[in-house]
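Here it is, the structure, as structure tokens.
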Amino acid sequence: MADTYTDIGFAKLDLSRKERTGLPETIFCAGKTKEQLVEILRTFQKKNCAVLGTRCSQEQADFVVSNGLAVEYDVTSKVLTLGEPLPNVGGKVAVCCAGTADLPVAEEAAKTLEFFGSEVSRHYDVGIAGLHRLLSKIEDIRQNDVIIAVAGMEGALASVVAGLVSSPVIAVPTSVGYGASLGGLSALLAMLNSCAEGVSVVNIDNGFGAAVQAFRILKLKGKNND
Amino acid sequence: MADTYTDIGFAKLDLSRKERTGLPETIFCAGKTKEQLVEILRTFQKKNCAVLGTRCSQEQADFVVSNGLAVEYDVTSKVLTLGEPLPNVGGKVAVCCAGTADLPVAEEAAKTLEFFGSEVSRHYDVGIAGLHRLLSKIEDIRQNDVIIAVAGMEGALASVVAGLVSSPVIAVPTSVGYGASLGGLSALLAMLNSCAEGVSVVNIDNGFGAAVQAFRILKLKGKNND
Amino acid sequence: MADTYTDIGFAKLDLSRKERTGLPETIFCAGKTKEQLVEILRTFQKKNCAVLGTRCSQEQADFVVSNGLAVEYDVTSKVLTLGEPLPNVGGKVAVCCAGTADLPVAEEAAKTLEFFGSEVSRHYDVGIAGLHRLLSKIEDIRQNDVIIAVAGMEGALASVVAGLVSSPVIAVPTSVGYGASLGGLSALLAMLNSCAEGVSVVNIDNGFGAAVQAFRILKLKGKNND
Amino acid sequence: MADTYTDIGFAKLDLSRKERTGLPETIFCAGKTKEQLVEILRTFQKKNCAVLGTRCSQEQADFVVSNGLAVEYDVTSKVLTLGEPLPNVGGKVAVCCAGTADLPVAEEAAKTLEFFGSEVSRHYDVGIAGLHRLLSKIEDIRQNDVIIAVAGMEGALASVVAGLVSSPVIAVPTSVGYGASLGGLSALLAMLNSCAEGVSVVNIDNGFGAAVQAFRILKLKGKNND
Amino acid sequence: MADTYTDIGFAKLDLSRKERTGLPETIFCAGKTKEQLVEILRTFQKKNCAVLGTRCSQEQADFVVSNGLAVEYDVTSKVLTLGEPLPNVGGKVAVCCAGTADLPVAEEAAKTLEFFGSEVSRHYDVGIAGLHRLLSKIEDIRQNDVIIAVAGMEGALASVVAGLVSSPVIAVPTSVGYGASLGGLSALLAMLNSCAEGVSVVNIDNGFGAAVQAFRILKLKGKNND
Amino acid sequence: MADTYTDIGFAKLDLSRKERTGLPETIFCAGKTKEQLVEILRTFQKKNCAVLGTRCSQEQADFVVSNGLAVEYDVTSKVLTLGEPLPNVGGKVAVCCAGTADLPVAEEAAKTLEFFGSEVSRHYDVGIAGLHRLLSKIEDIRQNDVIIAVAGMEGALASVVAGLVSSPVIAVPTSVGYGASLGGLSALLAMLNSCAEGVSVVNIDNGFGAAVQAFRILKLKGKNND
Amino acid sequence: MADTYTDIGFAKLDLSRKERTGLPETIFCAGKTKEQLVEILRTFQKKNCAVLGTRCSQEQADFVVSNGLAVEYDVTSKVLTLGEPLPNVGGKVAVCCAGTADLPVAEEAAKTLEFFGSEVSRHYDVGIAGLHRLLSKIEDIRQNDVIIAVAGMEGALASVVAGLVSSPVIAVPTSVGYGASLGGLSALLAMLNSCAEGVSVVNIDNGFGAAVQAFRILKLKGKNND
Amino acid sequence: MADTYTDIGFAKLDLSRKERTGLPETIFCAGKTKEQLVEILRTFQKKNCAVLGTRCSQEQADFVVSNGLAVEYDVTSKVLTLGEPLPNVGGKVAVCCAGTADLPVAEEAAKTLEFFGSEVSRHYDVGIAGLHRLLSKIEDIRQNDVIIAVAGMEGALASVVAGLVSSPVIAVPTSVGYGASLGGLSALLAMLNSCAEGVSVVNIDNGFGAAVQAFRILKLKGKNND
């Protein structure tokens, strides 16, 4: 195990993740100080590592920019990137979401995948309350290698989609809702209990996690069967 | 309040419920001894009250019959009835269920409604994993005044149906499932969080409760607008 | 299925819901930006659709007005409406609530029903701690076709009312309470376990959902029996 | 602290509880072997202590009797007693329960109080689904010094009673119900959230605990104000 | 039932509670606007009713005073009173709490009881981490007719006290703690499971509820045995 | 949508699932009567559909065999199959489990995949309590296209594996454990919160669901990039 | 890492645990077949490893004995041992439990420690309902290096003991109780929230886990300070 | 029991804790007013007691300093100390944490231990997502007498470490995470279910509690075996 990392005191930056897991470096920005974030980004920049940051607040992003780091920042998804996106990995991912309020989570997934070099098609506000909206798009959705289904409230979108396609569906419950939605637990539980097969689930609001899983799957496509 | 009841020691039999709430007498048989059940049924029989019993075990039913009470018993729904069904109340109820395992709950609803004098159409095994099954039946379902949607696991049937019809949908979560279905809580929570409007929910496995609510609604149909 | 919708990027506005489900367009304002709200309202205005918005903040309402949209706004219920209410649908709904703190939820139900063309009678602060208040009003309440019972804390109002009337009771648990009220879960669970029949339940604080269900029920009243 | 106890290996029998807390010895029989139960009872018998056992199975009771111990046993309440009841403590307790299925818990409370020397009036099957049954008895109930309210499902009996009387109400949630009753948790939560004042709550199915609390309260009645 | 109330629009003020339940009027101030609070207090003032308000914020209290109402306000307990305390009811209540952070809840109980005319002894910061503090006070505590035990975290104070006294113990779990204290649920559950008899429990942080229950109990003391 | 199904009364057998989702027919045997199971299998047999049944009890399997159906049955995994396995789909799946008690779930996954035509390597009893067991196998595990990680208790196997490989990890929490394992919920929650990326999760004990998801992923391998 | 294990198909027996963690081999017997258990024991016997099995049923033990393995079995603790206990490790552990029903868990801890070569003193039935029993033993308890506190229901024993001693307290919640004890969760939560310092907690009913932790602590005693 | 305390009105300061439990005085600052904190610190200062305060806000610390008290304050751990650290107790503790966001909890443990006179080695950001970071440090970690493992999310660090060392592991779940981390409950549950032996657990974010337990353990090291 020739893995290496850089110890910068408050963090041990994992420099071998890409080799080990095939993914670029990523930073969960929430819970880090602005100064820590700048220091981490600089360290990676010096190593010429492309980096993707998630849950980056506007304030953090502004501070990073004001420190001269050449990052891109998207306010809806709170995704921040440093360096060039990865080359095209091949394959296509559909990111579907049930309602407008699910957009930040859906965009976290989409922006992450695009930075990883994946082609993304967006199908937003296709919740099952108006099933015709989903059905009118289903042929487009079926053209994709992986489907990410993002939904809060009762989270039924994942089950309905999985019953209509043959690709793997990564379900992302969101905290959209109130009362008995229990901060997304209801959608999470519903997705785990999907009567339709082919659904696996990530944490509530974890658009990034769904994107990583989709990326791991896409990489199989280019591989030869042996 | 000229309400009356009969006190038979271990129970106060409510003899005015029909006048007060429009419903025949009903007995929740689970948790009553065979002897108590016989005594209660005899009391109502003497008053010429039609009675419906729910969650009646085969053993209880056999004992009741062996005591000379002229009851009808259905083993799937565990519904036992004494006396004639009520006259036709008008209106129609669709009872839909997601899977075969939901049948006992669906039949509890259907049998109850039929005893109350309501017309019932059954639409079973129309779960959303194979959406085409539901869609092929949706025009039939739309012809009903009330829809009862029975489902376990992720309980999405209620939301999907409610988005496709304009009648009120009474959702019945069932305890069908395992693991994260939490004995029906996941389906219950999903139904309460339905993104489609027009869904109200009763307790887990409470087919009887859904039938009563449907019956209360149906009675409106015959009323004049004033 | 000739359903249609308008795609405005961040949302697919469902223009066929009224035909499909009998209800006017509605917007859940919480979680939408002011700008999104204005754009959605304008789109519907251009189509001459009456629209009802729920959970609209004072700030959102002010912004909408300042953009020249001729809406009505009620601060207690947070209901915003655009266009004329629907014509009278016939039938009457009683909206009952247990305490003063339940008013916003009760008013969300009442205002929604009034916009939908339903006659509403309000019976507020009739919680069971002072049962005489409820009993003194029960004859008035019985004159209604549907009862909406709104209560937090132990939520017993729904059960007590359902035992005293023969109309369907739509129960709305509220988040009023503290400690073991668990944000409304205790009231929700109590309502689902009502020992009185004829109660079905919607999500915590979901006055709007109760109103929609009441409206779906009311529409049956005018229909002929066939 | 001159407290003493007898150590019989698997248990340290508290022989000073009566002096310390005013109560006779009690044994929670569930979870003890038949042999342990006999040994404990014999020890107390030798010391001429009256003893009350709760949750005693028929099998345990039979074994105790077959070992020559002169106990009384009641199969509904599962209460077993050895020795004479305590002299009358003064005061009266009403034990009310919502339904027939709550009887075992209600009788555990009643039998315990009677053994402790308290006068008990029973008011069974007065659940709020048929409120007239409760209201017709309320004047009788008001004549008592303490009210024990036993109910499962939504547990509303405690709140309704507490709003109608001025005595303290000890609420006992029961595990009667199914689905969302969560084994009595729903009733427990409802009772803790009572909008009516004057309710305090014991554990689910804990009729014995309610009786002890009622007994502690009753003892105040004979005391002079100082 | 000759009960009466005053309807002031947003509330039905219960004017017969004192006759019915023996308690003065009380107002739960949280969740009421300043203006509503003033209107309610004025209504009671006109009827010469003494009133106790709980969970009254400093801002509410200031507004009430600035409107010329002659109230007393205590910032720790957030109790506001209008009019004279009730005459001495006889009997004594010990209010015990585990830690300094439990003081607001303990004082809500104590202030309420004092306004109701009860004598209160305070025993604060007697948590079981330093058991000697409690044991050194236990003789004083035993002199009381009712014990109120207030504790957060693991809530063991109630059980320990109940094992050492023969009076009824009213347990009040508090939301003091963090993490697995679950906002007071852990203390609540512990108190409900007390291995010591003689404990009944009220809602989390409900010092007022404990005081009312203690008051209902105290009133028995003056009554003759009949 | 040219989907079709066969209605056999208690079930609507989905005959187009293979075309729609790429999977053979499957039956969840638990909750079906022996007679229903035979009827379903016969229907599929007549259509020459290969079928896989999960959670089939020994008693069900014996009954099926005694009815002349030529099925294969594996008692550990409770998997029953009718007809020939699918042709090799290409790609390889590693099924890892933490302990011996997880075997039935792991074998459900493995047997399902083998019937679907996938190559499976088993890595059992590699729980992290003895990390050297896992590390000694990690190179073998890395050779697979998809990893299924099966674990109960604290479920850490999924996170540890995901940090060591670059393939997608499908995590299956099991109900192995006791007390605070909460029937598998603790493992489920841990897997959803994996700090390592590349984990998506299915329901507790759902080895079948993991296999289906792995199969959907494997099918991508043979596809050309377009 | 020169760790090794033996692969016997359904299990990888960890043969280096003693060197790595200082503990003998242990087997969690529950969930293993009789045959598996015999095979595992034989494997260890051949390697002359002493082995301790926990949660071994009487039936399993009988089968093991009938297969000629020279094991010791204790029916209360369900502990089975093969080979000689370890030599005395030095130091003493007090195992305290609250009630008679906690004995199986307490004995699992005690028997395990004795097999590991630790001296154990038992202090049973010292629950806080009769605090004098605990206080009369506290000096004895203080003589120990580690205290294991076993309690169900409200679990207060751990907190009370920890406030009276200076040694580390390992708390073991048990599933003893009913209703709101939630299968031991209430005791678990209480112990985690102990207001007394010096308490750390293991899983519900995990007497074995507490023993292992006590053993790991005891081993420090013999070490020199460096 | 010659224990003593000082009563300063709102608190009973425990002056005998050090003798009784071997620990210096400690103050949980959260939930105390600035003025209370100053008064408590002054009381201890007059008695020449060293004191450690936890969860002290910057504002509290500033106020204390401005009142002339010579305290040390660390903003990351929120630990405040008055007086000299205790003399070296002997032994060493490793404080490990999974990620940067766990630092405040880890530092609370470390700073507390250092004030208590213990030697601490810090191993931060060694979460299992990059296992090589932990494995590269494991020999250093093994040199310690006690290991404190701090982790949020899935909390697997504790299990992995416990499987690799022979010292006792005190696990501290943290509230780091989102969604299904449930404020640290998921990590807590995982740690309680550790498949590796030798883990005991304290409350969520309770770095202080872990430090106290480690200190109690360390004190054994100096003791002779008797």
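Things worth noting here:
A, B, C, D, E, F, G and H label the chains in the order they appear, each numbered from 1.
One rule holds in what follows: a residue touches a chain if its C-beta (ideal position, glycine included) is under 8 Å from a C-beta of that chain, and two chains touch if they have at least 3 such contacts.
Everything quoted here is computed from the prediction, not taken from an experiment.
Contact with chain E and chain F alike is made by G, H.
Interface matching across E-H, B-C or F-H places the copy of C-D, with more than half of contact pairs shared by residue number, at F-H. Chain G and chain H have Cα centroids lying 26 Å from one another. Distance between chain centres (mean CA atoms), chain D to chain G: 36 Å. Inter-chain spacing, taken between the CA centroids of chain C and chain H, is 51 Å. Annotation for chain F: residues touching 2 or more other chains are 129-130, 162-164, 179-181, 185, 188, 192-193, 197, 203.
Pairwise chain contacts present here: A-B, A-C, A-F, A-H, B-C, B-D, B-F, C-D, C-E, D-E, D-G, E-G, E-H, F-G, F-H, G-H [touch as defined].
By the touch criterion given at the top, residues 20-23, 26, 90-91, 145-146, 162-168, 170, 188, 192-193, 197-203, 208-210, 212-213, 216-223, 225 of chain G touch chain H in their complex. Contacts from chain B toward chain F in the complex involve residues 100-101, 103, 124-126, 129-130, 132-133, 135, 176, 178-181.
Residues of chain E that touch chain C in their complex: 1, 3-5, 10-12, 14, 16-17, 30-32, 36, 173, 175, 183-185, 188, 203-206.
For chain D in complex with chain C, the residues that touch the partner chain are 98-99, 127-131, 153-156, 159-160, 162-164, 177, 179-182, 185-187, 189-197.
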